[in-house]
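There are two complexes below, and they share chain A, which is joined by chain B in the first and by chain C in the second.
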Partner chain A sequence: MENLGLFFALLGAALSALVAGAGSAVGVGRAGQAAAGLVTDDPSQFSRALILQLLPGTQGIYGLLIAFITLTQIGIMGGSSDISLAKGLLYLAACLPMAIVGYVSASYQSKCSVASIGLIAKRPDQFGRAMIFPAMVETYAILALLVSILSIFGIANVNI
Partner chain B sequence: MSENYIYAVARVRCKELTLLDSSVMDSLLAAGSYEECVRILADHGWSSEGENSSPEAMLASEREKTWDFIGELTKDMSIFDVFLYANDYHNLKAAIKESFVHTEHPGVYIDKSQCTVDPEVIKKAIVEKEYDLLPEDMRQIAQETTDVLLHTGDGQLCDILIDRAALIKIYESGKKTGNDILKLYGELTVASADIKTAIRANKTGKDIKFLERALAPCDSLDIKALAAAANDDEDAIYSYLDRTVYADAIPEIKKSPSAFERWCDNRIIRSIRPQIHNPESIGPLAAFILARENEIKSVRIILSGKLNHLSDESVRERVREMYV
Partner chain C sequence: MSVLPMKRVIIVGMKSDRKQILEFLQRRGVLEVRTPKPGKALIQEDDPVFQQIDMSSAKITFDKNVNVAKQALDVLNQAVPDPNAPSMFSGRKAISLTDYETKVKKRDTIMELVYQINSLAKRDAEIKAEIPRVESQLETLQPWLTYELPLEFEGTKYTRVFIGTFPNEVPMEDIYSGIESNAKDITGVDVSIISSSPEQTCVQIVALKKDAAKVEEALRHMSFARPPISGKAPGEQAKDLSNRLDALNKKSAEINENIKLLTDKREDVKFIIDYFKMRSDKYEVLSDLYQSPKTFIITGFAPERETASLAELLESRFDCIVEIKEPKPTTKTPVALTNNGFAAPVEGVVESYSIPGKGEFDPSLPVACFYYILFGLMLSDAAYGIIIVIACAIILSKCKNMEPGTRNTMKMFLFCGIGTTFWGFMFGSFFGDVVNVFASTFLGRSDIALPPIWFEPIDAPIKMLAFSFLIGLIHLFTGLGIKFYTLVKHGQILDAIYDVVFWYFLVGGSVFFLLTMPMITEMLGLSWILPAPVANVALVFMVIGAVGIILTGGRESKNWFKRILKGLYSFYGITSYLSDVLSYSRLLALGLATSVISTVFNKMGSMVASGVGGGIIGFLLFLIIFVIGHALNLAINALGAYVHTNRLQYVEFFGKFFDGGGKAFEPFKENTTYYKVSE
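Our next item is the complex of A and B:
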């Protein structure tokens, strides 16, 4: 029971990588199907379709980043791993924005990517604009990433 | 309906680029001859496979391309059977009449690639009276119509019974798919057929019993009220339609049967047009099939107009709105 703090902190790191990563996997998979459909009939669109497919993949990377920072802070990657229960719960809470927003934004971003792939199928010259629509969803994943990073670094200075 | 259509819709988006738009239709209408039309169509990828270069062969080839393409996109083609049932029942009608007059007219059958039941199976079932060979919902009407024709020799009654059965099948299977586009297709097909029947029956002085036998039920029309109106006079039909969603069709019905048919086709095209922006359901696939059928119908009108030297104006007023 004395390592419960460490358990919760590790749970936060795991959730961040797992949930955001799952969202990205779903999103990249969904956009990949549309990209494959486009490239079947128009192979010249491969690079454009690939970029749109990869956009929902960033949430998984952000989740991994948060997990990595958390593991570093709680001493799993070296150093002291003496974490109080309260601090462990704080780390868990700090990881949740990235986990939840990462999943939801990746899922919705992929829907935008699929629609944008449909757009470039008809108007390849509109690729720049087509990319902006799914990229807008990225804003919220970045905001969640910032909140999680600031919280994790802030917890280190909290004396509980 | 659990199938994922993201890949299919992306392919449909690419194929939509090859659909003929109104500017191509204008070029076809402006073409000086049938040969020039064929050249324009060839520039847009239209061609007939094999040596037969007749207009019908070209149109059949285009239809086949559509169905081959859709076949590549979905494992379960049965959802699109709603578009093919009319052909099955046409073949049933042909088989029953052929059997009644004891002569063969192979040209009257629609090819099995455009049907859900092989025409040979239908022929065999009718000739040998083995109705069990037919799909369940076709058996009863096949038997009933064969008996009616044998006892009365009334070909028109035979047509009415089979047409009604076909409409009911289209309406029900459209509803069963759960897809809005296919439901709408079923509904509009039945409603437009009912309106046409009511107008024709009124003009030829048919009684209410005939109308009750001929009209197929649908959601947007009260067929009892329509039959009563058709039994009264033409104005009563217009007055009834004015209270329905088909009020816009009244001027077209008054103009001519072909103007009303055009109105019906245009209405379907307008209803399916939002599918151009739908990224992931079966809707864009169904819309693509309907758009291609609409395109083929318009090209057929233009080509036959050119072959028969009809005036541009009379051809233009029959050409449908395009999907793209």
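Our next item is the complex of A and C:
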């Protein structure tokens, strides 16, 4: 029971990679289906469709990023892994924004991507604008990423 | 750095020169043809002399030719892939006017060739459709192959022969017993099974002629069916069919051979596609022109810098009159942007948001400055930047013939790469921390590392966050500044004060005020704090700004009550400044994403390398992980940096001043795919 702190911290790291990654998998998968449909019709749009498909993929990477920072901070990747229970719970809490917002934003961003792929199917010249709609959703993933990063770096200096 | 000034151009020429003049204009590609509505400018309504002539039927013929030739090109490309297929970087092939004219003379021969290719392809398609039909016939014959008589064989003088199938697999005894039980008093039958499979049993049943009716009745009860094939004996039929199949396959191969032989004429087919496309465009313009029995008029817009040479060339070559006029202030002239080599690459970015409206500022230069900085901050790895710079430089120097649009994009990424390299060195990131990882894993020197010129964001994320906000504020204030400039230029000085200066006071004042508060400076990790008196000055500016906005924000309303309410609503816009500034936190987040993921891959590589005990094998394993990992990281983060730089420009920056809504300059030009004709 002494190492419960470490357990919770690791749970946080795992969740952020897991949940955000799952969101991106769902999102990239969904957008990919639309992209494949577009390329059947117009192979020259492949690169544009690919960019739109990849947009919901970033949440998984942010999740990985948070997981990795947490792992280095709690000593799983070397160093001291002496984490108190309270600190472990703090790490868990710090990872949650990225995990949850990552999942939800990836899912909704992919719906935007699908719609944007439909847009460039009809009007290929509108790619610049089509790209912005999914990018608006990503803002919230970035804000969550920021809160998670700042929290994790902050926890290291908290003395409990 | 501006919108090109446009002039109105009027050309009056002789009808005999019509073709040459139009072709000349098409090759120059500097005139957007816009024919005014009748009743305006030159032409009266129901003008007795000048009429528009409908050319759409000719245009339809040309469009049809384009499509037919495209089909032929597809056929050729399917037979042998095009070695000179147009790619993103290759651009159109230049062809001289004399070459063009020689080729045009051959156009009928080329069109014959096109029709020949298409008819070959059609014949091939027919054969390809027939092959499966023959194959399925062969397949139905399969169960009967061992039978030597024609399947319609009825019998001899005294016997009657039934040839047919039973559903499912039926053993010989069951057939005998079935016939016997259904037809009791017959002399007897002879059953032979020709073939049997789980789906069907093919049989020949011989009975005496006098029993024929009874046997037939019995067979009907047993779901006996006649074979689906008639004609010659199955063996002979099968032989005929396979001969037919061979012939078809041979014919198809022959046709394909013929098509392959024609692939060396591919360039001619491409040429004819472009030729008819240009003619079709020309006839579209022609339908629009006003013509009298002997003359015609072309009106349109051209950039001012082109007009003099255009007029001179036209008048020296043809009997025509060219008039250059200043467009009326109310006319919505087409908009083309012109910029220096530093800002021109981002014109595409600006245009894909919107073309600047008439009289609006062309934001390309400020967009370019911030674009390269913001992209660099988000990718922020020196090695990645160098890779991008080298890749773009190679493409730019190798593919001289690139279309201007692609060339600009490449140049844009080249500058973005320079920005990335700069910030990478500032933040000490070169493939993440590879210098340190490599030194400690293979050289045992953990003290070697690439020091940042400024600081490492991962060690001081809050400092980087503050810097991101600062960049954001500069970006937003630049946007406001452009709005100020535009308003003042249009003489709306009061509007400039109300809509820009008050906001400068309010937002700027707030920033300085916050920087006098210990709470904020501590939070941002600043080592300095503005002295308390600054707070008072800042407060004064804030109040002036706030009051000014509340009083003037709703100035279009005459009613003071309404006006103040609207003003309060404008004041509420301060929250959008807050969210705009916070939006720049993505600079930190994306920058960290690049460096942390690089670190992850470096660490994975070094863990594997030390796992096998270093040495050559360790180094090779490290190299594999390094190359794959960093290629992935570069791709995904360059995409992220590109998308989010665009977002910051479109949403935060353009939102402050840019309305757009102009109409792009679309000159009458060679709108071709493969060739461009030059004088």
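Basically, the second predicted complex is superposed on the first by the 160 of 160 C-alpha atoms of A that agree within 3 Å, B and C clash if a C-alpha of one lies under 4 Å from a C-alpha of the other, contacts with A are read in each partner's own complex, and residues count from 1 in each chain.
Quick note on the criterion: a residue touches a chain if its C-beta (ideal position, glycine included) is under 8 Å from a C-beta of that chain, and two chains touch if they have at least 3 such contacts.
On a predicted model such as this, the values are computed, not experimentally measured, just so you know.
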Original post:
Which term applies to chain B and chain C once both are placed on chain A by superposition, clash or fit?
Top reply: fit
Original post:
Given the touch rule stated above, what does A:Tyr140 touch, chain B (first), chain C (second), both, or neither?
Top reply: neither
Original post:
At the CA centre of chain A, how far apart in angle are the CA centres of chain B and chain C, to the nearest 10 degrees?
Top reply: 50
Subject >> Which of chain B and chain C A:Asp42 touches, first, second, both or neither >> reply: first
Subject >> First (chain B), second (chain C), both or neither touched by A:Tyr108 >> reply: neither
Original post:
Is A:Phe7 contacted by the first partner chain B, the second partner chain C, both or neither?
Top reply: neither
Original post:
Between chain B (first) and chain C (second), which does A:Ala34 come into contact with in this model arrangement: first, second, both, or neither?
Top reply: first
**OP:** Could you look at A:Ala121 and tell me whether it touches chain B, chain C, both or neither (first, second, both, neither)?
**Re:** first
Subject >> Between chain B and chain C, more extensive residue contact with chain A >> reply: C
**OP:** Mind working out whether A:Leu55 is in touch with chain B, chain C, both or neither, as first, second, both or neither?
**Re:** second
Original post:
So, A:Leu64: does it touch chain B (first), chain C (second), both, or neither?
Top reply: second
Original post:
Closest Cα approach between chain B and chain C after superposing, in Å?
Top reply: 6
Original post:
Can you name the residues of chain C that touch chain A in the complex?
Top reply: 348-349, 352-353, 461-462, 465, 582-583, 585-586, 588-590, 592-593, 596-597, 599-600, 603, 636, 639-640, 643-644, 646-647, 650-651
Original post:
Where on chain A does chain C make contact in their complex?
Top reply: 51, 54-55, 57-58, 61-62, 64-65, 68-69, 77, 125-129, 131-132, 135-136, 138-139, 142-143, 145-146, 149-150, 153
Subject >> Complex contact set, residues of chain B against chain A >> reply: 4, 6-11, 13-17, 277, 279-280
Original post:
For chain A, which residues are in contact with chain B within the complex?
Top reply: 30, 33-38, 40-42, 111, 114-115, 117-118, 121-122
